[in-house]
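Notes for the one structure printed next.
Chains here go by letter, A, B, C, D and E, matching the order in which they are written, and residues are numbered from 1 within each.
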Amino acid sequence: MTTQNKPRIGVYICHCGMNIAPKVDVEEVARSIQTLDHVTVARDYKFMCSNPGQDMIINDIKELGLNRVVVASCSPRMHEKTFRNAVKTAGLNPYYFQMANIREQVSWVTKDSQEATEKAKSLVAAAVGRVFFHQPLETREVSVTKSVLVIGGGIAGMQAALTSANAGYEVYLVEREPSIGGHMAKFDKTFPTLDCAACIMTPKMVDVLQHPGITLYTWSEVHKVEGFIGNFEVTIKKNPRYVDEKKCTGCGTCMQKCPTKKVVSEFNEGLSFRTAIYTPFPQAVPNVPVIDADHCRVLGQNKKCGVCVKFCETKAIDFEQKPEFVTLTVGAIITATGFQAVNPSGMEQYGYGRFPEVYTSLEFERLNNATGPTSGKVVMKNGKVPERVAIVHCVGSRDTRHKKYCSRVCCMYSMKFAHLLREKTGAEVWEFYIDIRSPGKLYEEFYNRVQEEGVRFIRGRVAEITDIVDDATDEGRLTVIAESTLTRRTVRVPVDMVVLSVGLEPARGSEDIGRLLGVSRDGDGWFNELHAKLAPVATPISGIFLAGCCQGPKDIPDTVAQSMGAAGEAIALLAKGIVTTQAEISRIDPDLCSGCKSCIESCSYSAIRFDEARKVAVVNEALCMGCGSCAAACPSSAAGVKHFTDQQVMGEIESILL
Amino acid sequence: MVKSMSDFQPKIIALVCNWCTYTAADLAGTSRLSYPANIRMIRMMCTGMIDPKYILKAFLDGADGVFIGGCHPGDCHYINGNLKFKKRMAGMEAIIKQFGFDENRLRLRWIGASEGPEFQHNMTDFIQTIQDMGPSPAQGIMVL
Amino acid sequence: MKICFYPGCSFATSAGYKESTEAVCRKLNIELNEIPDWNCCGATVMFGENKLRATALAARHFALVQTMGFEDLVTGCNACYATLRKAARLLTEDQELFQKTQEVLQNLGLKLDRIPKIRHLLEVLMEAMPDSTSDRYKTLSVGAYYGCQLTRPDQDLDKGDYPEILEHFLDRIGFSVKEHSARTQCCGASHAVIYKNECQGLSQRIIREIANKGAEVIATICPLCQFNLDQAQIQDNGPRLPVTYFTQLAGLALGLAPAELGLNKLLVSADKVLTRP
Amino acid sequence: MSQNDTNPFSTIAHLESINQCIQCGTCSGSCPLADLMDHAPRELFALIREGAYEEVLHSNTPWFCVSCYACMVRCPREIPVTDLMYALKEVITKQGTAPQNLKMPDMYQAFSRNIKDTGKVTESLVMARYGMKHPMDALKNIPLAIKMQMRGRLELKAQKVADPKSIARLFELTETSKDKP
Amino acid sequence: MSVYAMVKDTSVTEAVKAALTKLISQDLVDAVLVAAKSPYSALPMPTLFANAEAMDGIDPLAPAAPFNAARQAATVSRQATGKRLALVLRPCEIRALIELVKLNQCTLENVVLIGIECLGRMENEVFLRHAAAQGDVTAEFLKNTSLQDDITRTCKMCEQFEPAHADIVMSTLGMAENSVLFASGSETGEALLKELGLSPAEKPAERETVTKQLLEKRAAFKKEVFAETSEKINSIEKFEEMIGTCLNCYNCRQACPVCYCKECVFLTDVFSARPETLLRRAQKRGSVKLPTDTSMFHLTRLSHIAHACVGCGQCSSVCPSNIPVADIFTTVAAQVQARYDYVPGRDVQEPIPYLMFEEKQKSGEPK
């Protein structure tokens, strides 16, 4: 409170028609407030929020030189904005204003009018005591860089990138595998319409590659993220491909000639091998191979080889490539890091890893896929077509020892598998389930169709899979044991092949991405959305959004819809181009700050960074939500929320009690 | 229960969070749920913003009771501001108790934005509790 | 090494478990301090009749162990192991049960303060047995059979459905071990004695699986499992596999003679397998 | 699950965990003797939840539990199925409602009586006492008994603790009845 | 398992000097902060030595500490300088230092903590009186129980006289005359002891009994003080009587090692009362003593550091009005620390209670 603008307070008591006046003696309140220090004028009026009411304030400010205004009327949640605008139009900073709620919290809830009047006087005095310490506040605009970073190149990341780019914004898509496509690229068909995954996805992948607005970084990782909404400085680490993307034509000769043939193919879920120089699958985008340094004879065991160099017509092979770091500024970040399948070897009773004919769902997808290890023919390891196959639902899901949640997609993909088996092999299919969950559009109809195709649905969670057979003729087969709860029989079904419908868990490395971005994760490792219903794609860190399974298990339709939603939020931010910071946010006085970082520990929005040079904490105004946790944690009150300072709050308390 | 010391009118400071308890208070108002006029409410953006010295100042300046109203855990507009304040409560209670203020003169309750009736009940109940307890020991003595 | 040992009711009448355990412990100079005046642990019966009584029956030993000044209590039978561990768990979880049990034992002149750690004889030998120095038994292929209650319900010694510690042990002391899928399948326990026909299949299934996987001998760690697998073979015409105790095999590995190990007490004789050079 | 006074199982520890049962059948699928049971273990939980106490009291299911714990380690809701089977047997024994012709309760009775009398279990004596109620069953075991005798594994003399009266005293002190659980 | 060594010399002070000077002469550390007599006063002050010869006046076992040296130790270890530093501190000073590390005020990086088994300190003027009477107060103090009764009231109730967090511990309890026991408290400590080449020794048996007796005596006195103090301040009026002579000089804040604020909020304009506020308070209450907010100061300071109070007693020592501030603060601190099951200085990884708010919580009543 500088000396030249010595407070001159105007107080206005509203009748609010019949809502305040009869119960609260507004004249008496005005009279008593007039006696308080620094109160220049105290009036009462029938409808303060009406135009004449507001004009009264504006005129008083102009004529009487008021520099503080108090209105005692309804709840500030109703008309604080209205009166602040009035004060502003009179040329006074809108934050030189305070309301006293004498309607909802006095006249409407107090029986005796004498008591109501006393309470009103006390609350108005409190408002006067507070407004005395008010400071002029401004909101600030922060410009937003018109570009988006998308982390993860699966269907979610691709969709988010395409929608954002189609809105005309620069998009940087980072994918750590050699090609975009994610898990969906591994699928053969997708439920419920049995579209072929490649048919609906490859066009999108090509769009991403060719879209002028999208810069694609595959075989790369996000290395560091700094800054805040509108101004994120992102460092991307491009791992060496040892193949020059510009020169390579994707002819594939190097991959045929490479002598190292026995590397386990991650893309084929370990069911087949690949060479040291490889693309994960034929329709890879970009169609440029990478050299797996560990297994390459030259890079890994520094032996002499160079077969690929010899056969590459465009001389694209370059063993000297080093990791490159690219830094760029983006306005928004969309996380689409996806999921990975739960590893069922922790459930010994299912024998995964011990019995060769027990497959996980992703492995079975590869068996079905034309580019898979068996070129789409569903055959056992011995090459024969299975005559009877069991599909086991809820493997690792809905189980407090593993994943207590339902992974939402396994019932539907299990039924898809049953259909493919019936169609391709005519094998007898036994599907063991607890509850069929088919909630989406055409989902129940798909379940019905699979029933029609003669799939045997047994309601019972599989207790055990064993290679002990009850009758000798089933030698070499696996026996699936479960209680068929609807017929109260324990069924022991000899089968040739078992498919474990494993649940979903967060992708490997999502913990690091969470730490890089400051986005917290729930008990199961999925990223926390800001609000499950009101802000499902936002995170507590403004400017960072979530798309797809990284926020929780979901099927492809929901993933694509959510990705478009996340892109929508990002576009809204970029389109506006500016972010107006709140006025009532925290400020840390560098002279008082002892550098103890208690405020940083308390801040849930990672909105305070530590200036190592000056050894003080500094608020990032664009991220601060004004919650005040830092103010309460700071003993010296170096940290304080503007408009809720110690003086203001204690001024209010003191005016009530003394 | 006969109203003891009927002439004693407690003065109670209520520090409440804007998003939940203050909204519930407004709702109690619009639903015309009346309660005694001893409460003086101060609007904070979050209970996580309440500095311990506000509570000490209230008691030393003669408040007979201090009520803190916040959002239910999990509903906090700022994720976990309410839990930050709850962690300080134990320490505050120990301090005021040692200096002769009954621990129950300080009360923390979660009141959601839609809980108008609960708000009314909490106000009436707390006022009655303080009424029974009688004036604060800091009343009528010179606090240095 | 000194251990406090709880033999259990079927130790003496077993097919050489007592003899082989004592012989092996003598050889490895492990001092077997048998609890004096031990009583029946109640096995799978008493907890089905009266929880307090079953706990008291088991806890009587905890008081005796305390007076003997031991921290751990070792037993060789899965049923005793599971029952004693269940009583120990209940006493630590349920304060009221602990007080009531204390009162009952006080009445019998016993003081219960501390609950010992219950360990299986296999754990003791896993630490004490030296690695094999000869490959005399490398040609003898053994199937390890755990029964149910060593690794269930707590799964702290090893995984409940697919344990491997007995395999590692037998391999380390010089036998050739055959993997199989019946390692924790149930042999029918006490029901096999009363419902012979209904439970016959359980034991035969286990023996067939171990034989199919190429084992010539079965190693067990519980008197009841040994009894069921042994007597199930004299009824049917399936494969003949001698059902030994892991302590008997350990004895052989230490160079002790079969006679000292009570191997003559098996129903399905092991002579043919053991006399091979 | 109505906690009214007619629920004879209300004293069982952790009984409330059966509220989480999703009737998935893993326990019965894992149970070695499920085929001999009139109800699957999960069915008993459903019956208790619906208040059909009589049907549970007269069920033979708990008496076929071999206590192998396979159900307990695999239950996706971590319900202590085996412990609950023991507790059900305790209530059924006290209520005296086990099915009449069932062999296992009589075996358990003989087993328990042998402990009460001597403090230990001597298999032959338990089989003898059990044989009084089920002579045919006992006789079937004679050939096996002879084989055991030939290998010196048949103990006919009762094994005893030093002071059997103290064990009998233990039984008295832990006596609980239907109305005083 | 700790490693022990023993040094015997003409006096305890010489014994300590013999060992500590080696730290620099054998280039094990670059500097040592240890209490030492300056040429100008017998009162030992924390002094930073960089060469062995200068360490002549060191006397860390002297029963005197002008202030809690944690604050000085924190200034020299504000951030890692790459230099190896040995800090010779009392248990309450080490515990305060650990709290300051948690508050990012200093670091333990390449710092060696040499803890003293502290048998208590005297008020400065009492120590100086004894120093005037006989030369080597330290030796006399260890022998003569009457001198031991002259230690401050707060020291008489201190149960944590064994340093917990130290790499090396120097102790005298139960030792023969003129000899000091060196015990290792960590691997670094063990390595240093070996480097110093002190003659290994066994822990004397009677140390056990002597320590136990002292602990019981201190615990009993502490109980007594807590009960007495709690009784004396269990109403706001009684508290006012206790602080009736407080001058708002804020010495107690200045001396407190864990009161780390660069500028106390009570010195900022938040608490500089304005004329009309004072007038209004006087109108409402009839009168107002100046300076105001005295109770507010003590209670607010309590709410800031009650969890971190290490019971060093310096606040009482520096109070010009001889108010038993330490009695009040240790009594309340014990209650607050018990409620959070938090022991200041116990473990540098143990977070400050207020900064650990559980994420998920059942929504039931918060009480």
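The rule is simple: a residue touches a chain if its C-beta (ideal position, glycine included) is under 8 Å from a C-beta of that chain, and two chains touch if they have at least 3 such contacts.
Here the structure is a predicted model, which means the values were calculated and not measured.
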item	value
Touching both chain C and chain D (chains)	A
Count of contact steps on the shortest path from chain B to chain E	1
Chains touching both chain A and chain B, listed by label	E
Identity of the chain that, by mean CA position, is farthest from chain C	B
Farthest-lying chain, centroid of Cα atoms versus that of chain E	D
Selected interface, A-C versus A-D, where C-beta contact pairs are more numerous	A-D
Innermost chain, taking as reference the mean of every protein Cα atom displayed	A
Chain C-chain E separation of Cα centroids, rounded to whole Å	58
For chain A paired with chain C, centre-to-centre distance based on mean C-alpha positions, whole Å	53
Separation of mean Cα positions, chain E and chain A [Å, integer]	48
Sites on chain E at which at least two other chains make contact	265, 285, 304, 354, 360
For chain C, residues that touch 2 or more chains besides their own	160-161, 185
Per-residue overlap in chain B, given as positions that touch at least 2 other chains	52-53, 57, 80, 84, 88
All touching chain pairs, where touch follows the definition stated at the start	A-B, A-C, A-D, A-E, B-E, C-D
Contact footprint of chain C on chain D as seen in their complex	13, 32-33, 36, 62, 64, 66-70, 72-74, 80, 82-83, 85-87, 89-90, 93, 103-104, 107-108, 111-112, 115, 119-123, 130, 137, 140-141, 144, 147-148, 151-155, 159, 161-163, 166-167, 169-171, 173-174, 176
Touch list for chain A against partner chain D, complex	349, 394, 398-401, 434-435, 459-464, 481-485, 488, 490
Sites on chain C touched by chain A in the complex	159-162, 181-182, 185, 205, 208-209
Residues of chain E touching chain B in the complex	230, 233-240, 243-244, 246, 265, 285, 287, 289, 292, 294-296, 299-300, 302-304, 306-307, 331-332, 335-336, 339-340, 353-354, 356-363, 365-367
Contact footprint of chain A on chain B as seen in their complex	11, 13, 18, 22-23, 25-26, 28-30, 32-37, 39-46, 48-54, 57-58, 61-63, 77-81, 84-85, 88, 120
